[in-house]
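First chain written, first letter: the chains are A, B, C, D and E, and each begins at residue 1.
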Amino acid sequence: MIFVVTIMMTAAMAMILARLLRGPELYDRVLAVNSFGTKTVLFLCLFSFLIDRPDGIDIAILYALMNFIGTIAVLKFFRYRSLDIALAQMALRRAVSGEDR
Amino acid sequence: MVDFIVGHFNYWVIITLMMTGLYVIISTGNLVKKLVGLGVFQTSVFQLYITLSKVAGGRPPIFDKLPGYGTETKYGAAVDPLLGVIYSNPLPHVLILTAIVVGVSTLAVGLALVVRIREAYGSIEGDDIDEAEYKIEIASS
Amino acid sequence: MIDIMPYLEILRYVLAGALLFGGAVFMIIGAVGMLRLPDFYARIHAAGITDTLATVMLIAGMMLHSGFTQTTAKLALVAIFLFLTSPTATHAVANAAHKAGLKPRLGKVQPPHPRDKMKGAK
Amino acid sequence: MNFIEMITNAGGGHLLANAPALVVAIPLIAGAVAVVLGHGKLAWVWSVLIALVTFGFSLILLQSVLGGETITYAMGNWPAPLGITYHIDALNALLISLVSAMALLALLYGWPMVEREIDPKKHAMFFGTFLLCVGGLIGVAIAGDAFNVFVFLEVSSISTYVLVAMGAQKNRQALTASFNYLILGTIGATFFVIGVGLLYMATGTLNMADISRILADSEGNRVVRAAFAFIVIGLGLKTAMFPLHTWLPNAYTFSPSMIGVFLASTATKVAFYILIRFLFSVFHAGASFETAMFDFVLAPMAMVAMIVCSVQASFQSDVRRLLAYSSVAQVGYMLLGLSLGTAAGLAAGLLHMFNHALMKGALFMAVGLAGLGLGITRVNELRGLGKTMPLVAAGLTVAGLSLIGVPLTAGFISKYYLVIAVLERGWWWAVVAIVVSSVLAIFYVGRMIEAMYLQNPPTPSAAHESDPPIQVRSPVLSMAALYVLVIGSVWFFFDPSLPKGLADTAAGLLIGGGGL
Amino acid sequence: MGLDVSFDIFIVIDLIIMSMLLVVGIALVRLNNLFAVVMLYGVYSLLAAIWFVSLDAVDVAFTEAAVGAGISTVLMLGAMLLTSREAKPTPALRRWLSLGVVGVTGMALFYATFDMPNFGDANSPANSYVGLQYMYDTITEVGVPNVVTAILASYRAFDTFGEVVVVLTAGLGVMLILGIGTTRTRDGESPQSGDETTQSAPPVTTVLATENHHIVLQVVAKILIPIIVLYALYVQFHGDYGPGGGFQAGVIFASAVILYSLIFGMDETRRAIPAKVVQFGTALGVLIFGGLGLVTIAMGGKFLDYDVLTAADPILGQHVGILIIEVGVLVTVASVMLSIYYGFAGRYRELKDQDW
């Protein structure tokens, strides 16, 4: 049962990968990477059930965090082109300077 | 013959990935993409080690509870200390834990250099940098 | 009083199977949506399905499957993290895309359907 | 009982028993301490002290293996196939003494250079990285475990990339030189790891002695041959063997002068040692594939390196780039000795490795002093050095002559034994290559000497022709370090017993019974 | 050796993962948009992590996911921020030249695969000699359920010592090349620190709550960061019984601080963990590790020989020794990852559009 679900999960991941490779817009790629990450978290949980070893779930927890941090870094990088200024200041400065495209 | 192909298919995929990484390193002029190629090349070497360590039907080399803990005889105890459970080979895992960290260290130093090169030359394309140097060479000699 | 424990046991596994399978189906639907939908903002809906409904169903199915053990606690932790991070991430992506000026493709401009294009539509 | 008492009554004996581990661990831990010290000058004094202690330990080890015995030290007290063992014999004892001696001399020589070239806030970290590099090189030399060699090879390589990049304050090209060195070095190290992985796949163990035992009886299957090829290419990259040497000229030219000295005399030598260790101790030279590899790959590469790189050296305008190309040529000499496959050839190669470290170290020191005093970087700027900096010019001349192989210098000894070994093997064309390369060496060293003595110094516009050129004073410590090396390269002409004896015992061990 | 049924399931999953890896690898070669290349590299190392899980290498998958997919992507983004976005396509000649070199090396390896043992073969030389010996000896000599940690921390402890020194070298390298960025003075002006050119920052003004579009992120971050640090400690001390250990814990701890600095800015992070502490931390780990080695020598054993730590019960000595060096590894790896991030993120306050 879990094997069938795992195979369906990998099919879903393959489709997300196709979107990642083809994604015309930059933000399509960000979205694809983020959702690919979520899917791998679930895949890891399912797989550790398949071989009934509880260790895979530790990796799933870890990657759920890493995926979030990666996505935030990408967004901050592209939106404000600086990794180290606090988000709030950047938003305010853009809002104040009316530069908000 | 089928058994041979199924048995060796992993190695052929790993070799293809390894050669893709090497190709990216050698062919691209962009320094950041060179480092990505280096990362792919090293990751495929890790996969070679780990494919080596997998035992059919084996489990990760972690004892649930320590079987035969404290039995006097080291090996060849009356009951097989591993209680008949097949485990994959733990040694390549240790080697690869070291190699991953070494790979990241090289990547970090490489990226630091790329940042300084961009500041010094204004570009991270191999041929722009050579051109800039060539002009200086001509000017000074 | 017939002993209902074995039935509960069977029910548990049946329910777990159903949840897992349902979650997987929604996952496939979400993925197809991601692939086929024409515009970024439409695709973000497709990603939404997989991030919320499919994840909850899958993890619930696995929890039922594993009963009351340490694995279930870990699965709960995964559920909490996913519950916290994926909506925030999707929100941040949409926010950044909008701020960066990615305009959603509104209904007015209908892209010519590929079949019409071949026939040299008006 | 308190800590100090435990050390004293445990006495020297216990410390000496742990010398193999301490000779590697002390520089590494001291590197971390140097980072914590923070203050530049203090970190320098601390590094000199540690280099002295390491040199002491390596001399003790050298003394205990003179007779040809070998020391095996099990790390963490785990026996050979399971734990990591350290293995010391005549060959690597000589090498670690050379590395620690050159580190000590480079540190003594380098302080005025570092003070001028590196930003004061970074001195402590600079010396910390330098100590880590020394520890890494010593670790590579005496490791008895194949994967441990890779780990310490990476310790020394990454610290070398960083140290080369520190030359960026003087010249921005140091950054690209360091980046190319990083890419090629990492490809070399990864090829080496693939080779070790294939060896592990064929034998099941990582301990070098164990591998050679298992390989001895199994006929060379394809995996072992592929492992052999990958290890030779990987280490070839690290040794700057001819076609794989493109990173070396830039790395040595643009690195800070203290690092140029240390790298020129040790970096390629340790990689050359590991190549010997794997070729002769792990893989057995007898097997057909290996000998074919020797005769048709290593030997021609060595000869081509000798000639082509000497030609390139003679056209260089930058002094240090000239010396860097001559280094690649000298590596060709060592490889020629190795590829003969005979004990005499190997001994000649090892002897040349030792002598070349002294000569090239002295040359880079002299050029560094000239750079410090008069800011000289190009060959034609050397003119009149004989008058402005007589001592430095004299040192440079003696080391240059030793590079050519003129009698009364150590260079002559190693070339002499090399020619004998080659004739023994009957390769007359190799002798022709040696002679041609020596003639070319006469040409590019002659260019420097002629500029120094026969042309008069550039006269600053104010002073007119006649009054004597101003003497430039060089720091005493750096001059002392230079003259230790210069005297060394002459001394070992008259009494080559120490390096020659060790090289012969090592070659005998390696060619004879596989050496481990 | 017929492939038994249970083994078939993994063959199917392996095949799928391998095909995805190949697709991503080929895409990496063809794409020139640097951002896509970096993102694909993150996905590539994530897929590699999944493959490691399916090949029973749980510890390696843990490290690869944390380091390969996590920290490397953030570092590459940091570097990419300061460099250009498009890579130039490669000229044709160079493409054929590199194809030739790659082809030759590939052929050599392919030639070698014919003698390689079958995938998953239990009595191949690798799996039947030292590897198996470790499984038996760990029970009686080290007594730690996770055999990988036992080998990493006890049998081959000197390998791990070399590895921690490699991490320290990388940290020193980035600090030497990029500098660690200096603590900002109150008015946002950053004093010129040595040769790096750190642009001066526009004055930082207070934030009006209404204007702040990122209230969601800040709240979520405030909830998440303590949990991540807690998880890092769990991974650190759980290393003996399951996947985990010093490296993974150090990386997770560093990523928690990186998340904090992404959302609350570098000034806050520097105030929380000043650059001096991070610099000292990089060396501290190696001192702990090397110090323990010297202590074991002083107590009469060999370098890193834990049995002498507690003369009474050698197994207890092993546990104490492994715990201490894992703490050393945690401190060094966490502070090195932080020093690298400080070096990259602290490099430029904000890039103007024109030099983008």
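Following the convention adopted for this analysis, contacts are C-beta pairs under 8 Å (C-beta built on N, C-alpha and C of every residue); 3 or more make two chains touch, one makes a residue touch a chain.
Not measured: the values here are computed from a predicted model.
Visitor: Any chains in contact with both chain B and chain D?
Guide: Output, common partners of chain B and chain D: E.
Visitor: In the touch network of chains, how many steps separate chain A from chain C on the shortest route?
Guide: Between chain A and chain C, the shortest chain-hopping route counts 1.
Visitor: Please tell me whether D-E or B-E has the greater number of C-beta pairs in contact.
Guide: Ranking D-E and B-E by C-beta contacts puts B-E first.
Visitor: Please tell me the distance, in whole Å, between the geometric centres of chain A and chain E computed from their C-alpha atoms.
Guide: For chain A versus chain E, the centre distance works out to 18 Å.
Visitor: So what's the Cα centroid distance for chain A and chain B, whole Å?
Guide: Result: the chain centres lie 23 Å from each other.
Visitor: Measuring from the mean C-alpha position of chain C to the mean C-alpha position of chain E, what distance in angstrom results?
Guide: 30
Visitor: Quick check on chain C: which residues sit in contact with 2+ other chains?
Guide: 81, 85, 88, 92, 99, in rising order.
Visitor: Tell me, which residues of chain A touch at least two other chains?
Guide: 13, 30, 53-55, 58, 61, 65, 68, 72, 78
Visitor: Got the chain E residues that touch at least 2 other chains?
Guide: 58, 78, 80, 109, 114, 116-117, 124, 126-127, 130-131, 134, 137, 156, 159, 162-163, 166, 169-170, 173, 177, 213, 217, 224, 242-243, 344
Visitor: Return all touching chain pairs.
Guide: Here the touching chain pairs work out to A-B, A-C, A-E, B-D, B-E, C-E, D-E.
Visitor: In their complex, what parts of chain E are in touch with chain C?
Guide: Counting only chain E, the residues touching chain C are 213, 216-217, 220, 223-224, 227.
Visitor: Which of the residues in chain B come into contact with chain D in the complex?
Guide: On the chain B side, the touching residues are 18, 22, 25, 31, 34, 38, 41-42, 45, 48-49, 52, 91-92, 95, 98-99, 102, 105-106, 109-110, 113-114, 116-117, 120-121, 129, 133, 141.
Visitor: Give the list of chain C residues in touch with chain E in this complex.
Guide: 81, 84-85, 88, 91-92, 95, 99
Visitor: For the complex, which residues does chain D have touching chain E?
Guide: Going by the criterion above, the answer is residues 3, 6-7, 10, 14-15, 18, 21-22, 25, 28-29, 31-33, 35-36, 73-78, 81-84, 119, 121-122, 125-126, 128-129, 132, 135-136, 139, 145, 147-148, 151-152, 154-155, 158-159, 161-162, 165-166, 168-169, 194, 198, 200-206, 214, 221-223, 225-227, 229-230.
Visitor: Which chain A residues qualify as touching chain C in the complex?
Guide: Going by the criterion above, the answer is residues 1-2, 4-5, 8-9, 11-13, 15-16, 18-19, 25, 27-28, 30-32, 34-35, 38-39, 41-42, 45-46, 49, 54, 57-58, 60-61, 64-65, 67-68, 71-72, 75, 78-79, 94, 100-101.
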